[in-house]
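Presented sequentially are two complexes of chain A, the first with chain B as partner and the second with chain C.
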Partner chain A sequence: MTTRPEPPVAHDDPPRFLPRAELDRLFGALRATGRTVIGPTIREQAVTYDQIDGTDDLPIGWTADTAPGTYRLTRNDGVRAFDYGIGPTAWKRYTHPPRIPLTVSAPSPVGPTVAPVTPDAPPLAFVGVRACELAALRIQERVMRAGPAGDVDHAARRDAALVVAVECAVAGSTCFCTSMGTGPEVGEGADIVLSELDEGFVVRAESGPGQVVVDALRVDAASDDQTGRATAQVAELRETMGDPVPTAGLPERLRAAIDHPHWAEIAERCLACTNCTLVCPTCFCTSVGVASDLDGQAATTDRTWDSCFSLGFGRVAGDANFRPRVADRYRQWLTHKFSTWWDQFGSSGCVGCGRCIAWCPVGIDVRAELLAVAPPHAPAGPIPWPVAPPDGHAPAPLATVEPARYVETEVTDVRRETNDTVTLRLATDDAALLAAQPGQFVMVAQPAQSAPPISISRILPDALELTIRHVGPATASLTAARPGGRFALRGPMGRPWPIDEARGRDVVIVAGGIGLAPLRPVLDAVLRDRPRFGAVRIFHGARTPADRLFVPELAALAGRVDVEFAEIVDRAGPDWFGRVGVVTQLFEHATWAGAGATAFICGPDRMMQATVRGLAAHGLSADRTWVTLERNMACGVGLCGHCQLGPYFVCRDGPVFSVAELGDAFTTEGL
Partner chain B sequence: MTLEADPVEELVALGIAADLSGAARRRLATIARIEELPAGKVVLREGQPTLELGVVLDGRVALQTHLPGRADLTLMTLDRGDIFGWSAALGDPSTSSVVAQVPTRAVLLERDGLLDALAADTEFAAVIYRRLFQAVTSRLVATRLQLLDLYASAEGRA
Partner chain C sequence: MTLAAATSGRTAVPARPRIAIVKFASCDGCQLTLLDLEDELLAIAERIDLVEFAEATSQRSSGPYDVLFVEGSVSTPEQAEEIVRLRAASTLLVTIGACATSGGIQALRNWADHDLVRAAVYPDPTMVDSLATATPIADHVAVDAEIRGCPISPAQLREFVTALLVGRRPGLPDEAVCAECKRRNIVCVAVARGITCLGPVTRTGCGALCPAYGRGCYGCFGPRESANGPGLARWLERDLPPADVARAFALFNAWSPPFRTVIDEAGGPPGPIDGRPTPEASDAHH
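Now for the complex of A and B:
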């Protein structure tokens, strides 16, 4: 995780006053620190943030009328530079750009290498940052610096930026910072704060670097009258804005409204155009694209903004989609902003800037939708997922993963398991990889392909085994690997199975299909230390006899007297003399008691849900029933947003969860 | 000698007859027997009268359906505690063939006696119908899961 250096404490210096006619001195002082100045200017009939040279570039005398679906610049013939309504550009364009390069792959004598791209973070000065936008910068910092691997690109850009904030004297009709607690008074995080009066600016330095700039202005202290009027105009604005969104209890009210019919009504209006997420100053979701030369040996990966409103955002290999309906995607966005963001990052994800209202082409007003879905008088009702993991089952400490650290490995063995699945043995001497724990996964990079997350199916002293099913282009290439081939691995990642917790207890292992692969290291660990576990019961389901993985190992399990093993296939031909049906049948009439046992389950979600119900009937408790959810994991470290499930990012907080932790999030469609 | 085991006691142990009163258990005893079914034994044939309702005690039976021009397809297998031939309780033809997949021991209830008991004894009927309803529900859920063909879709797992 990266951390931002603490700025030196500012001098105890009174506010200064910068006459309007001398505003260009501020730009000169900023440039004197080696920074390029980014500030408000008019582009394409809107105030946007771009490089500016001086006062003449500012939108002096302009303001903007905003309303749901409306933004229109208008002349007010005033003298002020910062009385414009907030435009579509958020500062994330500079701290979290729409596109950045991530890695470069190139051929080498021993195979392709994958190297991270060093962030290019030019020193910038942001001029005109509003209170809500400053709050958004703080929120994005919390998101981007969260573990297990902070975003080094964001950290470099944010640390290279000096923030000159401006307190608002006017508000648009779409503003609601007062409700979200982010304005109009400027909060923490600015280096310099300006308050604009007709005759000039009250200037406060809020950090050491800000003090350097303010000192360079060589202007007098502001008078009491000037500071008084600056304070009064913000207070008056607050009074005018009121409190349009009742936020008390809002996260809980939204959780209780997860099945509200209004989601479908919104979906009839919502175009899923993604505008709201693009203009939002806190939305951070991204996707990674790959570009390669024609022979596929040299390639670059770029990270680009994405949106949870995109149909493809929840799509996974095999063409499944976790949020196929617009209603699912709107619910995801709104509940994330106002509810689950609190669980993940300790704050709201909305700062009340109102951009999503003005720039929605059909005028959907988030304030009205919140009142319709989760009105203040709504009963809290059942909350469909826990706010925090149950006591005693907090997520295990996460492995620290260096961002974009890829380790070259060599394929030393390829074993075909079924017609679409192979097990690769990848030799490595990398200590971090070899310290992997059962249940963790790695990202497998290869030129010209995305890097899919693959569960580790065996941990050896000098190698990892990955069992890979051909479900898309990247896995097609991986399953075609030959001994001597090389792949770069990133990891290990994710929360492992809690095997230590199961010691001394009975163990139930239920695997379905390719779900046997992430459970194979559990089997290895339990059988290696067999006396320290109670009864061990293993139930395995597959689609057909030909789809069974690790067939020799299954036969060995069947021959052991110290485990109970049963398997079943969904369908079979006449040459199969084993069981036919679903995996839950294997323990439906069992007489053993599950209370006190620990269960490890992996397979398709629907199979795991049926299994959890079946095991609960045998007395297994939800907090000792563990599943692994390998959703649409893309970045592997909780930064891209793809694998969000209610309050969790599956890659960061899982993929292993107890059923108690998941609550209804385990079975609620479209989350 | 397994044939000397008490079929009612076996059904009580499996929970199927546990809720029956003494009188109902005595009525059950008049229609229940334990049979050894050698591997390959066709117990019921699809479309034919369901002459017996069975409960697997040990071993395994296969529910099969006939596909013209192809080998009979095993839809599902049943193990200890599973009920087969529930159409007997309705007097209906069997919905699938039932074939012992391995040497199997089962309790069999002959159809006519079962229908008489169900008609004559409401307490007996309430318990047996409840167990049958549970079995049919379980079979329906399992069949739905099979129809979903869950393992065919990767769901993001590779």
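Now for the complex of A and C:
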């Protein structure tokens, strides 16, 4: 089933005709609007999108032959300028550049400050945007403006670009836009659309700024013959391209293939070299790098293209890794493109440009891999996580794009919890920070360090508390903080624990190790309003007695008669007279019934999985069993891609999830 | 102490750490990189106590060292003993360059008959007390960090020293050269021109130097994380005889496991085992 792109909004102005010999008028008219023109030109034996001056720079008389792992520029000796298919450059190079400055830190009397860099977005004209590429610009714009906070750099660059699309008259062997519904007819979003005939160009203005440029060409209307031939040539192209990828039911088929043995077979061939993702016009993932002077006072961070194929992409504090195997990474990429993108953004993440096929250095062809992993006849197996129906996808609403906001806070109290963990009290009068909800987190920025996400361990009228374990360099300097120290916070971020949903019900709280920290605001809220809840049961596990956090508060809990509180440690010391074992032992033989209760759980993955199984045995329902997940939350607002878990961004859609929402995503290895 | 601990600010490297640079079997090119940090050299020199660096000072030290940079592979019995002593005298041991991290070009002899190689090089090999293999430092002692390359990059050395002094994680990416080619907008030489390129299996750090000049990557920085040498070799063998594919891998980082596997499958590096290169074998790749 092929689908057609959404047609552009009809425009009253009739198409014009720009004779081939007058093509430079277009470049002149674009430059007259103050824009630098980016367009196709030959460099390093390929057609790339670089700055061009005019017609002489275009690849007239050239085409390209593509196949899996191969691209060859070849002469066709024709008169046309746009018969080269798809080259290696994606337009995201100009709307979402490979490297941008993000923040600058500079010394100041009260210590170094962190400030975001204002984007520098030059006005550009993109000439030669293909139908699939226009679709990619739309898709990436959806991603970069999705809530809760759009990307200010992308917005500035996209808004500063004028798009001159050129409808394809030829297609490469790696093209499959007809299957993805993105071409070859040019859809919406262009300012000007060109159709190339041998004698010149049919020109349509599709926006106000486009109309200004078209009017400046001072050319006549196209004849019916010319517009007819332009329409016929793209229709003919559609016929020759056919429908190489059966997309009906593809998102569901891929979901059902999450444990397919073919992923491991692909990993034998896949080099995980990142080429497919970096040539992909919709892939958006980035990482942040830090540079500094020798004193660590003057520092910058920059944001660079990254890829879910690199090992570091799935790495979290302590050097654990969520996608250690290449098979995990290929599965992430393919299922994201063709399946979970729908859940996140309401469309496919693939536009069928075929770059990932041609520019894979070992010729891996997504079309073939899709057929192997999720063939059209595959039975719709059990779906590993619940999703909206295919026609009911509800992506996050578009956000108001604002620059990242860092709020300076001051350390007013430091309490050492264990030998590697401290609780910092950070005073602030910032209303947004103080409106934080239990379960939310903040990003803590310091000069010359990455900004880790830290969950809030107490919300006070004039301060937030953060309980931080030393696991790496950034948390090292945080845990070494002293009163008077200053940190810039960004947030609060993430979805809170649904405490209101628990009112009137029994509550079960299960914490393991540092997992007690994000649950402490739940305890605060429940105990503050104790009569509004049913029975409250709290189970706490730690590695050793010396690893217990908030020791005075634990003692106070043990003394309360209105809560059931039990503790256990993995390994006891000489001063421990309590229970030894794992946290599930605290309730596995208990007689209380959990039906109707709400559970809040945080701890290491295995502890949470065991706890969820144990609570299910007590009758707790999956949709009232809540966990908070750890992932590599690097940007905190769903833009960098690091924290994806199946259909979710943990930072944006979580970190708090119900077990029902997660489904198998909670337990599948390597997701 | 691991690098993570050293850069964590807790187990602090002293404010003015004692640093030494020593060499084993190598060409000195990597340690000279320190002198290439011309603009920053004085500022760095003020922040560290450089107790041994034969390329710049005749001062010698028997340790202890806060940070010891080691260049070169272990190729003689004395070196095998010396590296153990140096490890014991060092808080952090950092290998620099392909020789120290994977054995270097001299590790090609690991596939050959040791006596034949010595006879080919020295008129009187009985005077030479060398080991049958040239091996990376990590085969002998624990290594806290690696700075890769043949030679190492001045930018990476500067980043490492800066991160050490500041107490942050050094930005030494372990991804493929391909990522840097794509960010720099370099057209893939393998796909667009059919040039043999080790970029997909090689760690970045050079800034994609060779592809920027239209050449394939020679693998100077050694295998990247998850390097799939056999996967790349199988693809290259569609157009090339296995010996030519093995030759591409048989350079500065030949002895690193992901590259060694490819060479082993081809029966060792191409060429005779007496160590004397044949004219046709010496230049085929380049």
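One rule holds for everything that comes next: the second predicted complex is superposed on the first by the 643 of 671 C-alpha atoms of A that agree within 3 Å, B and C clash if a C-alpha of one lies under 4 Å from a C-alpha of the other, contacts with A are read in each partner's own complex, and residues count from 1 in each chain.
Everything that follows uses one rule, which is that a residue touches a chain if its C-beta (ideal position, glycine included) is under 8 Å from a C-beta of that chain, and two chains touch if they have at least 3 such contacts.
What you see is a predicted model, and the numbers here were worked out from it, not measured in a lab.
Undergrad: Assess the superposed three-chain arrangement around chain A: do chain B and chain C clash, or do they fit?
TA: Overlaying the two complexes on chain A (C-alpha atoms) leaves chain C and chain B fitting together cleanly.
Undergrad: With the two complexes superposed on chain A, say which partner A:488 touches: chain B (first), chain C (second), both, or neither.
TA: Touch status of A:488: no partner.
Undergrad: If you stack the two complexes on chain A, which partner ends up touching A:320: first (chain B), second (chain C), both, or neither?
TA: First partner only.
Undergrad: A:468 contacts which: chain B (first), chain C (second), both, neither?
TA: first
Undergrad: Which partner, once the models are overlaid, touches more of chain A's residues, chain C or chain B?
TA: C
Undergrad: Determine, under the contact definition given at the top, whether A:579 touches first (chain B), second (chain C), both, or neither.
TA: Touch status of A:579: first partner only.
Undergrad: First (chain B), second (chain C), both or neither: which does A:627 touch?
TA: neither
Undergrad: Report for A:304: first if it touches chain B alone, second if chain C alone, otherwise both or neither.
TA: Only chain C is touched by A:304; chain B is not.
Undergrad: For the combined overlay, can you note the least CA distance between chain B and chain C, rounded to whole Å?
TA: It is 14 Å, taken between the nearest C-alpha atoms.
Undergrad: Which chain A residues are contacted by chain C in one complex and by chain B in the other?
TA: Residues 472 of chain A touch both chain B and chain C.
Undergrad: In their complex, what parts of chain A are in touch with chain C?
TA: On the chain A side, the touching residues are 43-46, 48, 50, 69-73, 88-89, 93, 98-99, 268-275, 278-279, 289-296, 304-307, 310-312, 319, 326, 358-363, 448-450, 470, 472-474, 476-477, 479-480.
Undergrad: Residue numbers of chain C touching chain A in their complex, please.
TA: 4, 7-10, 40, 43-44, 47, 159, 161-162, 165-169, 171, 173-176, 178-179, 182-194, 197, 199-201, 214, 225-226, 228, 231-232, 234-235
Undergrad: Mind listing the chain B positions that touch chain A in their complex?
TA: Contacts found on chain B: 14, 60, 62, 71-77, 79-82, 101-102, 138, 141-142, 145-146, 148-158.
Undergrad: In their complex, what parts of chain A are in touch with chain B?
TA: Interface residues on chain A, with respect to chain B: 316-318, 320, 452-455, 468-469, 471-472, 475, 512-515, 541-543, 547, 568, 570-574, 576-582, 584-585, 588-589, 603-607, 610, 630-633.
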